[in-house]
Amino acid sequence: MRGLLASLLHEKNIQVEFVPLSYTDMAAKLEAEVTARAVTVSVVGGLATEIDYFASKGWLEDLARFGTLPGRTFVDTALRVVDEHKRLYGITSFIPWMTATFVIVVNNEAFKYLPEGLTREDVVMGTEKWTWDALVAWAKNIYEKTGERRVGLPAGAGGLLHRLLHGYLYVSYTGYQSKYFNSPEAVQLWTMLRELWKYCHPESTTWSAMAEPLLRGDVWIAWDHTARIIAAVKERPEMFTVVPVPRGPVGRGYIIVLAGLAIPKGAPNQDVAWELIEFLTRPEIQARIAENVGFFPVVKEATPVIVDPGVKKVSEGVSRQLATLDGKPVFIPMLGGRAGDFIAIYREAFERIVLKGEDISTVLAELEPKLKAIFAELNVPEP
Amino acid sequence: MRKTWIYIIAIFISLWILTPIIYTTIASFADARDYYERLIPRKYTLRYYEEYWRLGVSSALLRSIQVGLSTVAMSFLIGIPAGYAVGRLKFKGRDVIKVTILLFRVLPIVIIAVPLAVLFIRIGLYDTLIGVALIHTAIALPFVVLITSSIFISIPRELEEAGVVFGLSPLQVFVKITLPLATPGLAAAAMFAFLISWNEVVAATILSYLNRTLPAMVLTPYVMGTGGELPDPYKFAAATIMIVPALVFMAYIRKYLTAMWGAAGVK
Amino acid sequence: MVLNVNPKSRLFSPHFLVLPTLIYLAFFTGYPILYAINLALTGSPPALLQVITSPRLREVLFYTIMIIASVIPLQLIIAIFTSIFFLNRFKGREVVLYLFILPLAISEVAAALLWYTMLSSRGFLNKLLLELGIISKPIYFFGYEFRDRTLLAIVLTEIWRATAIVFVIIYAGLQMINKEYLEAADVFGFNFWQKLRYVILPLLKPSIQTALIIRTLFAFQIVGPIFILGGEYVRVMATEVVYWYSMRMNTYMASAWAILIGFIVLILGSLYIKLIKPVEA
């Protein structure tokens, strides 16, 4: 990041100080400064959900007055969020900065064991044949032909398995992340997952990220956050292909993680701040950001400009996932302090249903009220 | 016992202790891909230590040292007088007090840490080095008292009485005669307190967030996850870094240890 | 062992000297305990009640007891036998002794990482066995499916690391046994096992009691190795405290678990003291 900012200094003589802060610290700082009208921060970069919170509190400037940014088209999903904010808060609260999602990485070896009816093309382009059931069949085939369980999921402590559950599987099978937690479609989902787990590498429960297992060759098909697999693809781009996730009966559910740039209300040097935003959203700079952090450009013109072959591969995979016709992108629900409880419910469901083999309906019925209670308490609609 | 058996057991014990340490240290310098394939890696690199330096292990290391030194200072300041009293002076309730002090260590640190965390948040000590040091002092204090009491016991009374004969006040006796004689033992006690702080992980984790000491930082999933986030040699480097003071300490403390523990245990 | 304190210098009265320590400990230990009890009893239903009635309790207790009940007896036995072993004089004895107590100074986190090196699927043991051709596929120690082996790994780590603590106490006690008793036993023609049973063990009782108390109480606090080696799926009471506090941001439940630990520890401690009456040799 600092390297990039150095070139801005060079070009326009703008000096930027880059300070990483945790979300809670950032929120506290903004609140204190904006209310006291003594703002020291010119640009804020954060996840869309975080910016959502800031905007709802009225801590951000309306960026519309700076005009448009030429020479770049933002991806639709990003613009949708910007529009949503405009609807909710009446202002253009942020400019999209980068995006991430969770994808599937395939070791090219695995393509030798595709099951009947599924071609490489299907997987890579994300056609309607690339379903979760097809994945199970594929994994089973690998197991039968090689005796190894080659699918990997980050099911360990610190792993993001729960995102797979609520943002991918539940959306693909029930259309919603939580609304139909206990439903016949959900039962279908868990049955499929149980079947898939039979062909998952047993050490999955110790993994918090899939980069190493992929590189070691222990895992041939992995699902994880782009930032957690990028190291693998960067190191051995010829070994892997990054593909969109499979679809379920209702569609291809996936999570969009969006980060944006905003200007706090009453911030100093706002024109210069805008220049910084302009800089960070330029296609070339977007490409370079991607090369570094495992988050990806929100500007369509950026992808072709990426130099690193590994990063390029991941970026292509991400683009294809974003472009699938049956894609159902969702955002991680913003639940404040209850987020931990939300996650725990899904993880408990996983542990009891898939690992311990408890009866699906019983577990879902038991956990559903707890889930609903969270949304009731926060007074938000169920996602 | 026959000599051969003795040597066999001796070698077994040595291997049992040394193998994990040596292999881990070797592995921490090994190139990850090579390490995964071979038993004895052939390619080596300093990369992981460099990365650690970048990731902030150096700051965590520094913090651990700071907390450790503060712990030694505070526990000595508070504990040495008590150790002297308990060891040297005869007074009513001495045994009760001795047991009580020990009893305070009986309760798990986990119980103590959580409420203190809440308190610290309120008074602004949360996520500070001094906060962690205060807890570590509480943990180390009973040991310091116990150890120093047995050290002071072993100092010949005649020397102290000689000091009194020469007209020194009790405080002067203590400072000019007792302390210098006790220095080697006190040094050992200091190292002990330092190590308790250095190795302590539970309270350090609960009481800090950004400003973590080394073990606390290692325990966080980012660095820790036996998961796939980082290649294994990173963990080995972390372990090696944490072990080094232990080795230094043990080399020094050899002589004193059995005496100290013996005195404390059989009572 | 008495130094007559000059009555003029009240400042150095023994009670005054110990006071700072007592106050410090009372504050840093007493206050948190009271506060924790308070936290544990808040909530509706009270957090403590939630913990006791939660379905997780059984699993957590199971793992806690399994680990502690495996580790402590083993450590005691190993400590006693190695103590006797070290009574022998042989060349290099000092070195081996030093090595054996080396782990005293190693933190539980470091020890866990060391044993991860040894037992992971690409670790020392597996690579050694593979190279020797004894196995063709790695033996997995970590992972939900291999929970039992993970327990084994944790027990192994604890034995490696903490036996030295028990050893040092027992060893010191052993050295204090009057040689005459052992010589008398020789005269009577006792063999090793008889000597052990009728002379050594009874005389070691105080040391054993001390060691047991200290070891058990510390055993309930083990967190590092269990988190690192067992991940989310091996749960003991101590890890529950850290889990609820750090990952669920719930200080009430965390305190409830902590109080539960304290409660059990207190009961066990009193049991030890009652059952193993100290014998003055």
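Couple of notes before you dig in:
We call the chains A, B and C, going by the order they appear; numbering starts again at 1 in every chain.
Going forward, a residue touches a chain if its C-beta (ideal position, glycine included) is under 8 Å from a C-beta of that chain, and two chains touch if they have at least 3 such contacts.
The shown structure was predicted, so the numbers you read here are calculated from the model rather than taken from an experiment.
This structure's chain pair with the greatest number of C-beta contacts is B-C. Among the remaining chains, A is positioned farthest from chain B, on the basis of C-alpha centroids. Mean C-alpha positions place chain A and chain B at a centre distance of 42 Å. Mean C-alpha positions place chain B and chain C at a centre distance of 16 Å. Annotation for chain B: residues touching 2 or more other chains are 36, 224, 226, 232.
Among the residues of chain A, those in touch with two or more other chains are 156-157, 206, 216.
Chain C has residues 122, 142, 227, 231 in contact with two or more other chains.
For chain C in complex with chain A, the touching residues are 121-122, 140, 142-146, 227, 231-233, 247-250. Against chain C, in their complex, chain A makes its touches with residues 155-157, 202-206, 216, 218, 337, 340-341, 344, 347, 351, 355.
The touching residues of chain C, counted against chain B in their complex, run 1-3, 5-6, 9, 12-15, 17-18, 20-22, 24-26, 28-29, 31-36, 39, 82, 85, 88, 90, 92-96, 98-110, 113-118, 120, 122, 124, 127-128, 131, 142, 160, 168-169, 171-173, 175-176, 206-207, 210-211, 217, 220-221, 223-224, 227-229, 231, 238, 241-242, 245-246, 251, 254-255, 257-259, 261-262, 265, 269. Note for the complex: chain B touches chain C at residues 1, 3, 6-7, 9-10, 13-14, 16-21, 23-24, 27, 35-36, 38-39, 78-79, 81-82, 84-86, 88-91, 94, 97, 100-101, 104, 106-119, 134-135, 137-138, 141-142, 145, 153, 157, 160, 169-171, 195, 198-202, 205-206, 215, 218-219, 224, 226, 232, 235-236, 238-239, 242-243, 245-247, 249-251, 253-254, 257-258, 261-263, 265-267.
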